[in-house]
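Here the chain labels run A, B, C and D in written order, and each chain numbers its own residues starting at 1.
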Amino acid sequence: MIIDKRDICALLDAIGRDEQVYVPGSVAGVTQFVEHEPGVEPLLDVRTTKVPPKELLFPKAERLYRWKTHEGHLSIEQADVASRPFTVFGMRPCDVASVERLDQVFLTKGYVDEFYQARRQAATLVALACERTDPTCFCDSMGGSPTRAPGADVVLRDRGDSYRAQAQTERGQRALDAWRAAAPDAVRDDEPGEAPDAGDDARVTCSLTVDMDGVAQAMPGLYESPMWDDIADTCVTCGTCTFVCPTCYCFDISQDTRAAEGSRYRCWDSCMFVTYTQMAGGHNPRADKAPRVRQRFMHKLSYFFDRYGENLCVGCGRCIADCPAGVDITRVIDRVGAEAAAMRGEVAVDG
Amino acid sequence: MRIGVFVCHCGSNIAGTVDVERVAREALKLPGVVFSDTNKYTCSAPGQESVCSAIKENALDRVVIASCSPRMHEATFRKMIAEKTDLNPYMLEIANIREQCSWVHKDREQGTRKACDLVAMAVAKVSCDRELFTTNLPVERRALVIGGGIAGIQAALDIADAGFPVTLVERESSIGGKMVMLDKTFPTMDCSACICTPKMSEAAENPNIEIKSLTEVESVSGYIGSFDVTLREKAKYVDYDVCTGCGLCETKCPTKKIPSEFNQGLSTRTAIYKPFPQAVPSKPTIDAEHCKKLQSGKCGVCEKVCPTGAIRYDDVDRVTTQRYGAIVVASGYELIDWTGLYGEYGAGRYPDVITGLQFERIVNASGPTEGHILRPSDRTEPKTTVIVKCVGSRDPNKGVSYCSRACCMYAAKHAHQYLDKVPDGTCYVFYMDVRCAGKGYDEFYMRTLQDGAIYVRGRVSKIYPEGDGLVCMGEDTLSGEIVRVKADMVVLETAMVPSRGSDVLASKLNVQRGPEGFFTEAHPKLRPVETNTAGVYLAGVAQGPKDIPDTVAQAGAVASKVIGLFARGQIESNPMLSKVDVSRCSGCRACVDVCPYGALGLVQANLRENSRKVTRTVCQVNEGLCQGCGACSVACRSGALDLLGFSDEGIMQEVEMLCQ
Amino acid sequence: MTANLTQQIRDRARDLLQSGTVSCFIAWEPARFEHWRTPVTIESPDEVDRIVVDEWCDQLIAKYALQRRGDGRIGMVARGCESRAVERLVADRQVSRQDVYLVGVGCTGMLDRDGGAPLKKCEECQRRNPVTYDEMVGETVEEPRPYRFGEVDRIESMEPEQRRAFFDRMFSQCAMCFACRNVCPACNCRSCFADAERVGWLEKDFGLDASRYWGLMRAFHTGDRCIECGECERACPMGLPLMTLMHKQVRDIDRLFGPYEGGGLSDAGPDPLRSYRTDDVEEFM
Amino acid sequence: MSVTSDAVAAEARSRAEGAASPEGGAGSPWQPKILAFCCNWCTYAGADLAGLNRMNYPADIRLLRVPCSGRVNPQHVLRALQDGCDGVLVCGCHPGDCHYVSGNYYAKRRMMVFKRLLEYSGLRPGRFQVRWISGSEAGKFRDTVVSVTEQISQMGPMASDAPSLEALAGADALLEAARGAGDAR
């Protein structure tokens, strides 16, 4: 299916009549996924939005249940898990990849999170392949690709004046059918004989690359390495990297208590925060910066890999761009590689 | 949590406008509330009995009483809980549904609804209450009295007579203060020295009183029951243990032309001297500033003549520290320096314009003129004398705004004394008002009028010399005429002002002074001799202008407070104090800066944090000093400080409950 | 900034480390991309060549001294903002002045690594030269003291509803990442009120009320101690104009209680909100 | 703007706003909810005296007793305003008369700065007020309650201060303009 760029808005208006559509937009200068408003052009030229689309599937705060006492009796009311169908339009391949990571966490290994599942099943993911990359992009080093988004239901590819939309799943096919039905004037069929485009890894590449070979395997051996002190020296342990990360999924359970009633909700948490591991008795196993910094990278590059066979990093580069102190995950990966090599006695590490 | 709510009818005081039964029913719906009841008069004996039995029968662990203001009966109910139940008395909150509800709202529905809210807020707060315990702090049964005037002497005597040791500190070389300078006291015309000097010797001889003359308070730390006070006793250059006070040195001292402070500059004294014959301690000191030996090393006459060898030219200041349980401030007053303020009165250039205190010395039989009224300039008897009242007092533009209280009476006394001693003399008294409230005071004033004193209502606007006399010019505001009186002598009745150094003393003691500079009492009506710093009391003019009877009465009141404190021997601490969570404290000092009581300090603490031993600077609350104001808990940004009894959690829960 | 500043600082750092005057030296080093800098703490004289000091050093490094407390004297490059931050830390008793060794440099402002435009915080800077230092490298620079209350003027002139809208939108963008706090030299509490699990203290629901509560209370907690380094605003990943809250309080305090200082070490006594005068302006009678 | 994630907070907020209406429900008219932090020694005593004198004032005010106005944390005030109070009053002794010597002087400075900050950030003037009322000023207490209740009633519920969509849209543009170089990278 071909969609002329000038018809994108009309198409989104049409989809938006039946369900919510989230598109890249800007709120007061901060790029993020916003609900499409009729007539408002989405910012499809933006590569990675400042705020990742993660919270559409995994909200910052989500009610789990409410409780109430009435004349001595306690009643508990489960929060509603159902979600109405919605479309996320224009996700970059790295963000699509991040959803696959979240799926692993919330839907596999026998643990199914019904809140996540409900949203996930309601979502149609429409990816937009990258024609160019930012200096901080390194998805192709993390097993991804700027041009391919295998986890998406539909993938859009820029053809200059138009986008070509290809369904990658049944859900995607149904979506294309629905678009055609809803906005027949905004879309047209592929040129006759046009072959499916699977993406071309060689055509668009990231200038930033890292060597991931052996990193996951080397990490456990570096648990006691002084390198974490070095990195922690610079880190200010704010939550920026974890909150702009499309894959970080840590949460806390908190409560809202008011006299006779209240509720419990889960909310994003950050392993960078000192409160993350604060125990009730006052002890904190990660009171210092270095163990917290180590935890973040260990989790991203080793623990997650051990459990799911891939890294908890999709190479979107947001944390690199946003870190107020200039901590850079790719430099950490380089450092891990060098330290591991040094431990094997191959190369002397300097700096 | 098992909270019980007791709603009081207070007869019809509450029940008249608030549906107390509904309030009690609604309270049962609140979280943690397992029992509620109403009572006709909760504070009555049967009311208290029913609350106590309900606490026991329902195993209540927290109590809310909805009744009158906590300012009225919180203490009553706390005592009740402490004495008649097993509950901690601080597991109680009062909902004020009388003064702040039933008495001020007429609409029954609105009043009831508000009462429900107030009870809910109290329930929210009581849920956060923790058991608090008072501790008994020991009291050092020894008092420090600062100032050896009649106030200090009287307070010291009363405390000492009760059997407690007292240190009486006087900055001058003798106790006695201003009273001993006076000739007679109104309205009875007793000889002032005759009633004051026996008190002085009584103090000197009392085994419980230690008099430290030429001594000032250097520093004070600690709190009620346990003040550590450092005193500096200035060098006297005479060994009092050896000196017999024979006075030979005074007669031989070659430096004789020093104006006598005691005689207000109307006579002279020597460099080694006793300020007056009846001085206590009755031993001389060397005035180092004027002593030739100490200034230039040449002289040494006193050493040579002293039969006991008591002279010590190498004497130095002695600094000692002693613990006291209570401190009495009786630092008195001085007279305002009118010469700098009243240029129109000659600013001190006319020798025959004198102060009331100089007149006291002139009229005194042991004074410079041996009691003959002779004016300073030419030592002749003034035939016309003008007395000007309110010089400095009630004059916010030049002097002070307040009334010095005693001057009306001593002006009358001076007029009376003058007319008594100069039967053919004429005495004018310029006045603004005549305030003679006091036993026998107005009668005394009337007698002075009968004596022939001429009272002119008006301020003297100018005094200027004419011939060998002075002209006092002013408006008689009753007739509206300008009056000019040719006088031979003018007596200015000047204002009382706080004694010099009161500001420094106030900061050492951490007590407050009013805008006029006198020390501030804890409550103007109900705690007139206490200060806001527990254990520090006020006697005499240090607290504000007053006459001798009031001063002595106040000194007695102070003594009774001190004796009461010492008799108890210990004080129960207020447990609603600041509490610091050292694990959150950064030692930034913000709390220390705001604490008005100096109750917070920084200490090096050895702590265990995350299974590690660390030494850090953290805040520490001195429970003896903390009064529980909570200012620190707000200054503390991290929330390391909290106020027990009014905790952040309790306040927040009240807010949340109201917003529910 | 002079061209050979980097070399001069490297030389001084080497000397100071070699002589044992300092146990470490805090400065910047190049990051992965051109013009990107990251703070670095150098411990060995052999590593001083990592240091770079130029117009791209956007981070304030003074607060890094806190994590080196107790390890001997800490060397540091000190521009105006670093020196003021050190004063702040000293006033808040988190370090003592002798614990740090400041190599002062005059600063003409930093540039945005991605576009080369002057940083907003530097355009509002009131102190380009260090206010305290142990030695100076290079010359002091001119102090233009630009007007910094333009934003405050603009917001004050708005209607309450517009202001509410402005701050509603601003706070709704807050990520609650606490980067503003973690880089702020006045935010030097061992434990922040926001980290206390207390009823009614700070909700974790990422709602507008929570972020407003956080934003206003943090601003208030630092309001009388702000050194106006603008680091909160630079660090904010959402780019929120946080300094407007600080500048507002700075100007109010200046007008109400006398010249605003912020460094905490002026002769005027303790910080304005932990002192008072009995003749303070009265508006609540 | 994140849409789904605000749900938890939005619910809390709507409940806080809903709390502004009395238990009577939709039928009864809105009545303001005004919280007054009062120091134990002066204003609370003044309020008691007003009761003793049987003075009459609107019933919308709820007093919260604190030992001293210096105990009132701006956090308490902000929390109350966010949680559903339509107005907050902080009262203490006259400067110079503080039972604890200087607590109200600190309160005064804190509240002067904090009030300006709140109003700067969009709180309508009048929602948060500070007054010094002594233990003898029952009349002043009554008059203050009357005037504050009057002002808050006229302003309407706190929820009505929520900015309009136009104002919010305008704010976005201003916010974008307020960013400087180096921010929001």
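Here, a residue touches a chain if its C-beta (ideal position, glycine included) is under 8 Å from a C-beta of that chain, and two chains touch if they have at least 3 such contacts.
All values derive from a computational prediction rather than experimental measurement.
Contact counts per chain pair peak at C-D. If you average the Cα atoms of chain A and of chain C, the two centres end up 32 Å apart.
The geometric centre of chain B is 39 Å away from that of chain D, both derived from CA atoms. Centre-to-centre spacing of chain A and chain B amounts to 71 Å, using the average Cα coordinate of each chain. The geometric centre of chain B is 48 Å away from that of chain C, both derived from CA atoms. In chain A, the residues that reach two or more other chains under the touch definition are 27-30, 50-51, 60-61, 256, 258, 265, 267, 322. Among the residues of chain D, those in touch with two or more other chains are 1, 5, 8-9, 12, 74-75, 79, 96, 102, 106, 110, 171-172, 175, 179, 184-185.
For chain B, the set of residues touching two or more other chains reads 583, 594, 635, 648, 652, 655-656, 659-660. Taken pairwise by the contact criterion, the protein chains are fully connected, each one touching every other.
Listing the residues of chain A that touch chain D in their complex gives 20, 22, 26-30, 32, 34-35, 50-51, 55-56, 59-63, 119, 256, 258, 265, 267, 321-322.
Remark: chain A residues 69-72, 258-260, 282-285, 287 touch chain B in the complex. Interface residues of chain D, counted against chain B in their complex, comprise 16, 19, 22-23, 33, 35, 40, 44-45, 47-52, 54-57, 59, 62-68, 70-76, 79-80, 83-85, 96, 99-103, 106-107, 110, 142. Interface residues of chain D facing chain C in the complex, by the touch rule stated above, are 1, 5-6, 8-10, 12-13, 74-75, 78-79, 82, 94-96, 102, 105-106, 108-114, 116-125, 129-132, 161-164, 167-168, 170-172, 174-175, 178-185.
The part of chain C that touches chain D in the complex is made up of residues 58, 110-115, 117-121, 123, 151-152, 154-156, 160-170, 172-173, 193, 200-201, 203, 205-210, 212-213, 216-217, 219-220, 223-224, 233-234, 236-241, 244-245, 248-249, 252-253, 256-257, 272-278, 280-285.
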